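Per-chain residue numbering starts at 1, and chain names A, B, C, D and E are given in the order in which the chains are listed.
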Amino acid sequence: MFYATLEGLRRFKIPHKFEFVSIITLYAQWIREGRLKVDPSWNKDGLKFTCQDPCKLVRQGLGDQVAEDLRFVIKAVAGPENFVDTWPRLSNNYCCGGGGGALQAGFVENRRKYGKLKFDQLAATGADVVITPCHNCHSQVLDICEFYGGKWKTTHLWNWLEKALVLEDKAK
Amino acid sequence: MSTPKGSVLVVGGGIAGVQAALDLADSGFYVHLVEKSSAIGGSMSQLDKTFPTNDCSACILSPKLVEAGRHLNINLLTLSEVLDVSGEPGNFTVRVKQNPRYVDPNKCIACGTCAQKCPKKVPNEFDLGLGKRKAIYLRYPQAVPLKYAIDPKACIYLNKPGRCGFCQKVCPTGAINFDEKPKELSLEVGTIILALGFKPFDPTSLDFTGYGKLNNVVTSMEFERLLSPSGPCMGHLERPSDKKEPKKIAWLQCIGSRDINRACHGYCSSVCCMYAIKQAVIAKEHAQSGDLASSIFYMDMRTHGKGFEAYYERAKEQGIEFHRARVHTVLPAENDNLTLRYTDTKGNVHEEEFELVVLSVGLETDPGVMKLCHELGIQLDQDNFISTTPFAPVATNRQGIYVCGAVCEPKDIPQSVMEASAAACKAQELLSKARWTETKKKEFPPERNVYAEPPRVGVFVCSCGINIASVVDVKEVTEYAKTLPGVVFAQNNLFTCSQDTINQMAEIIKRERLNRVVVASCTPRTHEPLFQETLREAGINKFLFEMANIRDQDSWVHQNWPEKATEKAKDLVRMAVAKVLGDEPLPYNQLPVTKKALVIGAGVAGMVSALSLADQGFPVCLVERKDRLGGHARKFFRTWQGQPMQEYLEELTKRIEDHPLVEIELGATVEEVSGSVGQFKTRLSNGKDVEHGVAIVAVGAESYKPRTGKWNYLYGKNPNVFTLLELDQRFIKADKALSGLNQAVFIHCVGSRVPERPYCSRVCCTHAIDQALKLKELNPDMDIFMLYRDIRTYGKREHLYQEAREKGIIFIRYDLEHLPVASEEDGNIVIEVEDQIIGERIRLHPDILVLASGVRPRDDVGELSKLFKCAMTQEGFLLEAHMKLRPVDFATDGVYLAGLCHYPKPVEETIAQAQAAASRAAMILSKDAVPAESITAQVNPMKCTGCGVCTRVCAYHAVAIDQNSGKAAVDTGLCKGCGACVAGCRSDAITLRNLGNEQLMAEVEAAMEG
Amino acid sequence: MEKESVDLKTLRARVKKQIEDAVPDVRIDYCLTCGLCASGCPATGLEDMDPRKFLRLLVLGQDEKILNTNWIYSCTMCQRCKYACPMGIDVGRIVYEIRGMRPKEKRPKNLQRSCDLQKKSNSTGIPNEDFVWVVNDVLEEVRQNEPQWKDLQAPIDKKGAKYYLNQNAKEPTVEPEEMVPLWKILHVAGIDWTYSSKWWDGANYCLFTGDPEDWEYTVRKQAEVVDELGCRYYINTE
Amino acid sequence: METGKNSDWEPKIIAFLCNWCSYAGADLAGVSRYQYPPSIRIVRVPCSGRISANLILDALRSGADGVLVSGCHPGDCHYISGNLYARRRFALLERFLEFIGIEPGRVNFTWISASEGEQFAKVAQEVTERVKRLGPARKLVKEIESCPA
Amino acid sequence: MPSINEKITEEIRKLASSLLDSGTVAAFLGFTKGTLPGRMQPFVARKPEDAQKLHWNSFCVVNLANYLPALLKSFEPPRRPNDPPPEGPLPKVGVLATGCWSRNMVVQIQENQIDRDRVVIVGISSRGMVDRKKLLEKVGGREITSIDEDDHSLTVTGQGFEEKINRWDVVRDNCQTCVHPDPVIYDELIGELGGERKIPDRFRQVDEIEALSIDERWSWFQNEISSCIRCYACRNACPLCYCPTCFVDDSRPQWVGKSIDKVDTALFHILRAYHCAGRCTDCGSCESVCPMGIRMRLFTKKLQKDVLELYDFEPGLDLETPLPLSTYRMDDPQDFILTHIKKGEEK
């Protein structure tokens, strides 16, 4: 969890030389810089995408900027017209209900009740794919999708990024 | 201080600035009124209605603005800003930058042709961007000055010279001047009053509100514009997304207030609860379909002002729903609707869909204002409002610079107006030696006696450029006018109001020996004073004048019917001529002034008023029914900001006692009052007669003591139960026993906000919390519980509430259905109360129980109000002339009120109101005579039956039945010329001068002759 | 019928005091009981609790109820309440502190176990050598089966790499092929990166048990590894 | 704008407007260029409280096809309560005139504030249309009734 | 056994005589028999012996309140308008008062027309006065030479006929629909109080007219006043009409022409009725004295109905409640105000 390390370093004043970054920030940066070339044309059928804003990454971590980066990457990968945003969003997004150890703690019924808001919110977007950039979110969104009968596919971002990669070297 | 200057700078042209300017200009000072926009009026001009009277904001504000705009002693500097101030109190030099208007105000006739032709549309900031305006624009339709201005940022010509310039081409008076440059002025003034106003909080940063993202989430200020008939949807309530009338609206309170997390505003904005209720009520009235549902989501409902609680109760009766719950996030729903999810006090979650959400945004200080204060060395507080102290509520840290209105704390209009007058009062105290030294006075030649002359009417028909002439055949109208009986002269002018035509008119009046004048042009509401002045300059009584409104009410509204508009113009001229023939010269009534004030009540309010007037050089008789000075304040420990009350009181008392101009009558009451403004005669109970020009009523109030009934709570039975003031006594005496207490309980709203006393006493929440904090100071380990209904620590007092919570004082809410219950166990107090949130009853064992009981009016106020012919509210407080704009005046001229007899209020507001009363009183006392209404009622005793209808319908008590004759008699000093008596009289015995039945009939009949 | 009243002859809000001592800016007392938190919280109503009621119980010294409610495991400490709370009260942090007050044996077993495993190496408990083996095995497979990716890298313990990448333990244990897309992306972007053979797990369940020393220990270990490798950036993949 | 059978006939309507609200509202209609039929003849009075039954009847007697009386909204009166007394006078008069057979719509009452320019134009329009539907006034008009045509 | 009216007559005489004798009052205002049968005249007894001329029966249709101000005035010493009022108490006057007359006196007191301290009001609960027109109709318009009455019937005699008529059948409309027959203020009481009456359809006659169409109402109104000869008997009989210059007589301004032009006549009746709004007690004097039989009571009755409906007010019931046109409430009904003109509002 992004926040565990970020806040851990901060709260316990752990000395370190590195800079702690999110892969989402880097994806966006690399695409902007042209290091990664992506082409959404694979998405001819117009698969609709939405995403979950992981609390630990967004609200508690890097704030709206990383969430905007996430959207930027998804739009670049799947085509801007194929992204459907949720409401609430960014730093104000709901927690999926899988965080805070809820997936490990048991209390499955409570966890699913908790996730109902998230389910309704995601279902309302009508998206075919929900991008979950966090493993906890991924597991919880997968679970509530199945439990409440959702139709979407819950995935990480990298699968789609890989799909859209333009491999110049490969062409040569 | 050397001889002070006799002029004052007022910065800010909102209601506070305008009020301060008018007070000063009317009491002998020359005022420079600096306003940064193109018109005065401020935020109030943007409002639709005002609470709690639902008065139309524009209707009540406009007359004041017009008065300020026309005042000989107010120099209106619009589009201007203060650069810096040097010098000292009494002698300041102020540099002012005046930005170009690009329209010559002396030439502009506000015909609007320029704006019609201007091709550039930009968002109208007056409508908060909801509507559009042109690059050349009037800030709003009733703007003062009613002169167009060019927005240099939007204007095509100014940005690309050579392009556009249409306005210049079409302006009929050649008023456009693109070459105008900014000017820098240097003003010499004695004092400065800052009335810099506020800015509504911008909720864009609060993402969870959805503002800026969801179309149908608007701020309350935007909603005012949506409601306003002059707003972007002309008063038809429409929501932004689809221009449909919303059927369900929610208000979210405390957006940008009482929020130290996201908005960084720890204070309460004080006005939002009331304006939200008002908007909900008005929206319901607006709703065409009649089935608008309104809900208000709040934390504490703060209806702490006069008439507010009753307004709140009425709103509940009208079906407005109040939810004590805050919503986390505004969620989008189908059809651009919005879903609100909220949790009730019991923890149940509800979801409800609304068609419009209004964010009740708070008030904050504009960054530009902060910058100016920084430049001027004016100290701001932690909330960026200008710092003041309770005992000097309108003084800034810089001597000679005063402040009023929302720039020192969020506050409502009456409070701002009160402070404006208070600031004017302080300015007068400082500059009293320089009164009338810089003012201008208009001189007129003696008037010709026209009584014996046959009527000689002159008619001036205005073309108003093409405003009238393009629709109405003005030549034909002029020729027609010549044929009317009594008319000996008629002329058509291009612009009748232009200076050369005015001069010419005066010459014509003399040359043609005219004794009646009719001008057919625009509206008398703006132009009658100008032409009347011309008559006076030509030696004719100004009341021998009528106007025919052939522009605003003819050519402008019948553009497609030129022939019929011409016919109508003839009718209007004929009507005006018929009317003017009946006009007689009226006296310019004056009432001589006895330059002495009577102040009744020597509490803080009375003493402050008396002292201020005495300091300005006016003798004062201060009457107190008790045998010592001080009143209610004797019982107070400290202000909520911690200043000891008794020290202040001692100093104030001493100053009063030592003042040579104050005569004190202790142990005396008012027995009999006669006379009217300028010349009252009052008999005191000690037999003394006082002759005075004005009176200030400051008789205070009492605290409610719950001796019996359900609010008793062992009061008077258990020795450890106190009222707030009784606890204050123990603080004053530094009672050591208090430090040893383990537990204290305060019960709020004891006997307040119930049908028997349906008002909030405004001060008790703050007072109780301050006491709780004092107890915590004495013993930090003491457990303190505050049992409350709504905490009403309005304005900056909210910090005190926060501090109390921070210090661990526990607040438990109760409601009228679940009152706390007190009992005694072995002589010890036990309180049971339900905590609504955890849903359990809490048992408390206080060592002391403090009852925050309210303020109640004195029983004998009714007698006094009758003596001065003043009104009272149902609760028994004294009723001011107008709840919004005349908060210290009574309807009876020359009588003012201050302090608790008006309504419960803390000492800083009492002092401000007392100073305001002194300012208003000085407006009279500073003159040898005060002007009175000329158009007054007149009784024909031959026809009068003495039946008394006229006396009963007169709101000003200006008509009375004469004891001797048994007939009605008018006190022209009191009469305002409304004519209610005339319409009420069955016998035609009472008439209004120049507005009698015969004259109106002549006008009506003339209308039908065509 | 009538429930017994809560008697507050003396108010001893010990748990509240304890939290305030640990977290000076926790602001429990600031609560206006406005209910904004409860309105926005997905856990409202679970275990007959909501954030506002939770705070209120703390304030009124109802410590038993606070210490015993399992609601603290339904609250995900997501801090959405704090985000909009007018007083900025951090219920998530309070819940964290209270989780820590539970004796370990009374905590949810799996949660505590994840943390305990994490303290050893990673939250699933697979040996570090297995991780290294899985990475190399998957890499080899890709290189062989997909000729265009024959140069794909998955360096481990590469000193001086610019980027250090952590790895959630789920993939190497359950779905190793899910690691590949990221390798490919990094490859295409031309990134100089490395895994570590120890403390490589990106998850950290010790954040959730409420014991700061466990959390600190695991983060410290991670930091040491990255600094040892001399990487300029530590990339977290989630 | 002009429809119906009496399209060429323009009625004359006397409008008694209070100076502070309704007259200002009529001015605002002009400032905002709201168009309305040229049938209204405005008589400016200080307050709607100045208007008696006698004056309204006199307007009808003099041949007005309609009468409009407008003041400030209740609570807004410049003279505190003039419009409130007026409201009672008008209520009784209105009912009484209808009782003796004067068509509803001949005599009209409204409240218009200084900011209701559009509302004024609408009222003027509506009252004109009402009166047009009724046709020229005859019932209390002195000339027409006394000189049989 | 003497009838109720005979007993009342006896008591009136006794009381008047004693009041005059003791000097309590200088005059006593009551009725005496007129020259024609069924005609009663107001009569002022000034000496104790005059009291024997006082009489009470079912034909006392004229409202005595109307005579009271002038009678009181006659005892005041002459003075110029602005002279102070005379020192010391002025002579008092005794007066009979049924329900409606007493209510008129209340209005007169409220309107400063009589001084309560100077009148000794002798209250009599009204049993209803007889409408001469109804009576004449009963006998087919034949000339009546004498009328005898007992408590419930009238025996009417004329040339060649004698008819016994049920009294209530010929009682005036206003009395039949009166709900307050008892005097509301009095100093002495004669006879017994009858108590408030419940009349379910007291405004029936008004309701019937309201049910007509606009044109029918106009025809009714025109027809009703068509016979008016502008004699002003109605006005003169009305205790509420005390203006020194009545609007019909005024020339500055001239509200109403003096001819018997239809419009002027209409305006006279409209304004006369309107001036009584909120003041009229439905005493019926106007109608009783009209030589042309115009039912102008219907006009005032309509206003009475509206005042009750809109302002919950009936004139003269107490001295405190202000008259409806000299007071207001913030929430007075205002359905007649064109507020937001709605489309399709007109049929």
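Here is the rule we go by: contacts are C-beta pairs under 8 Å (C-beta built on N, C-alpha and C of every residue); 3 or more make two chains touch, one makes a residue touch a chain.
Please read these numbers as outputs of a predicted model, since none were measured by experiment.
*Asks:* By the touch criterion stated at the start, how many steps lie between subunit A and subunit E on the shortest route?
*Replies:* Shortest path length, in steps: 2.
*Asks:* Determine the set of chains touching subunit A that also touch subunit D.
*Replies:* In this structure, the chains that contact subunit D and also subunit A are B.
*Asks:* If you take the mean of the Cα atoms for each chain, which one ends up farthest from subunit A?
*Replies:* Chain centre farthest from subunit A's centre: E.
*Asks:* When contacts are scored as defined above, which chain pair ends up with more C-beta pairs, B-C or B-E?
*Replies:* Between the two chain pairs, B-C has more contacting C-beta pairs.
*Asks:* Work out per-chain C-alpha centres and flag the one nearest the whole-protein C-alpha centre.
*Replies:* B
*Asks:* How many angstrom between the C-alpha centroids of subunit D and subunit C?
*Replies:* 76
*Asks:* If you average the Cα atoms of subunit A and of subunit B to get two centres, how far apart are those centres in Å?
*Replies:* A distance of 54 Å separates the two centres.
*Asks:* Could you give the separation in Å between the centres of subunit A and subunit C, each centre being the mean of its C-alpha atoms?
*Replies:* Inter-chain centre distance comes to 17 Å.
*Asks:* Using the average of all C-alpha atoms in each chain as its centre, how far is it in Å between subunit D and subunit E?
*Replies:* About 35 Å separates the centre of subunit D from that of subunit E.
*Asks:* Give me the residues of subunit E that touch two or more other chains.
*Replies:* Answer for subunit E, listing residues that touch two or more other chains: 247, 325-326.
*Asks:* Would you give the residues of subunit A that are in contact with at least 2 other chains, written as numbers and ranges?
*Replies:* In subunit A, 91-92 touch at least two other chains.
*Asks:* Would you give the residues of subunit C that are in contact with at least 2 other chains, written as numbers and ranges?
*Replies:* Each of 45, 80, 83-84 in subunit C touches at least two other chains.
*Asks:* Taking the top-of-page definition of touch, could you list the pairs of chains it picks out?
*Replies:* So the chains that touch one another pair up as A-B, A-C, B-C, B-D, B-E, D-E.
*Asks:* Across the complex, what residues on subunit E touch subunit B?
*Replies:* Touch list, subunit E to subunit B: 81-85, 110-113, 242-245, 247, 250, 252-253, 275, 322-323, 325-327, 340, 342.
*Asks:* Going by the contact rule set out above, which residues of subunit B touch subunit D in the complex?
*Replies:* Against subunit D, the touching part of subunit B is residues 48, 53-60, 62-63, 110, 112, 141-142, 228-230, 234-235, 523-525, 549, 551-554, 556-561, 564-565, 567-568, 571-572, 575, 881, 891, 935, 953, 955-956, 976-980, 982-984, 992, 995, 997, 1000-1001, 1003-1005, 1007-1008.
*Asks:* Considering the complex alone, what residue numbers of subunit B touch subunit C?
*Replies:* Against subunit C, subunit B makes touches at 206, 208, 254, 258-263, 299, 324-329, 341-345, 347-349, 742-743, 783, 785, 802, 805-808, 810-811, 813, 832, 835, 837-838, 840-845.
*Asks:* Could you list, by residue number, the parts of subunit B that touch subunit A in their complex?
*Replies:* 207-208, 210, 329, 331-332
*Asks:* Would you tell me which residues of subunit C are touching subunit A in their complex?
*Replies:* Result: residues 42-43, 45-47, 70, 73-80, 83-84, 92, 95, 108-111, 113-114, 148, 164-165, 168, 170, 178, 180-182, 184-185, 188-190, 202-209, 212, 215-216, 218-220, 222-223, 226-227, 230-238 of subunit C touch subunit A.
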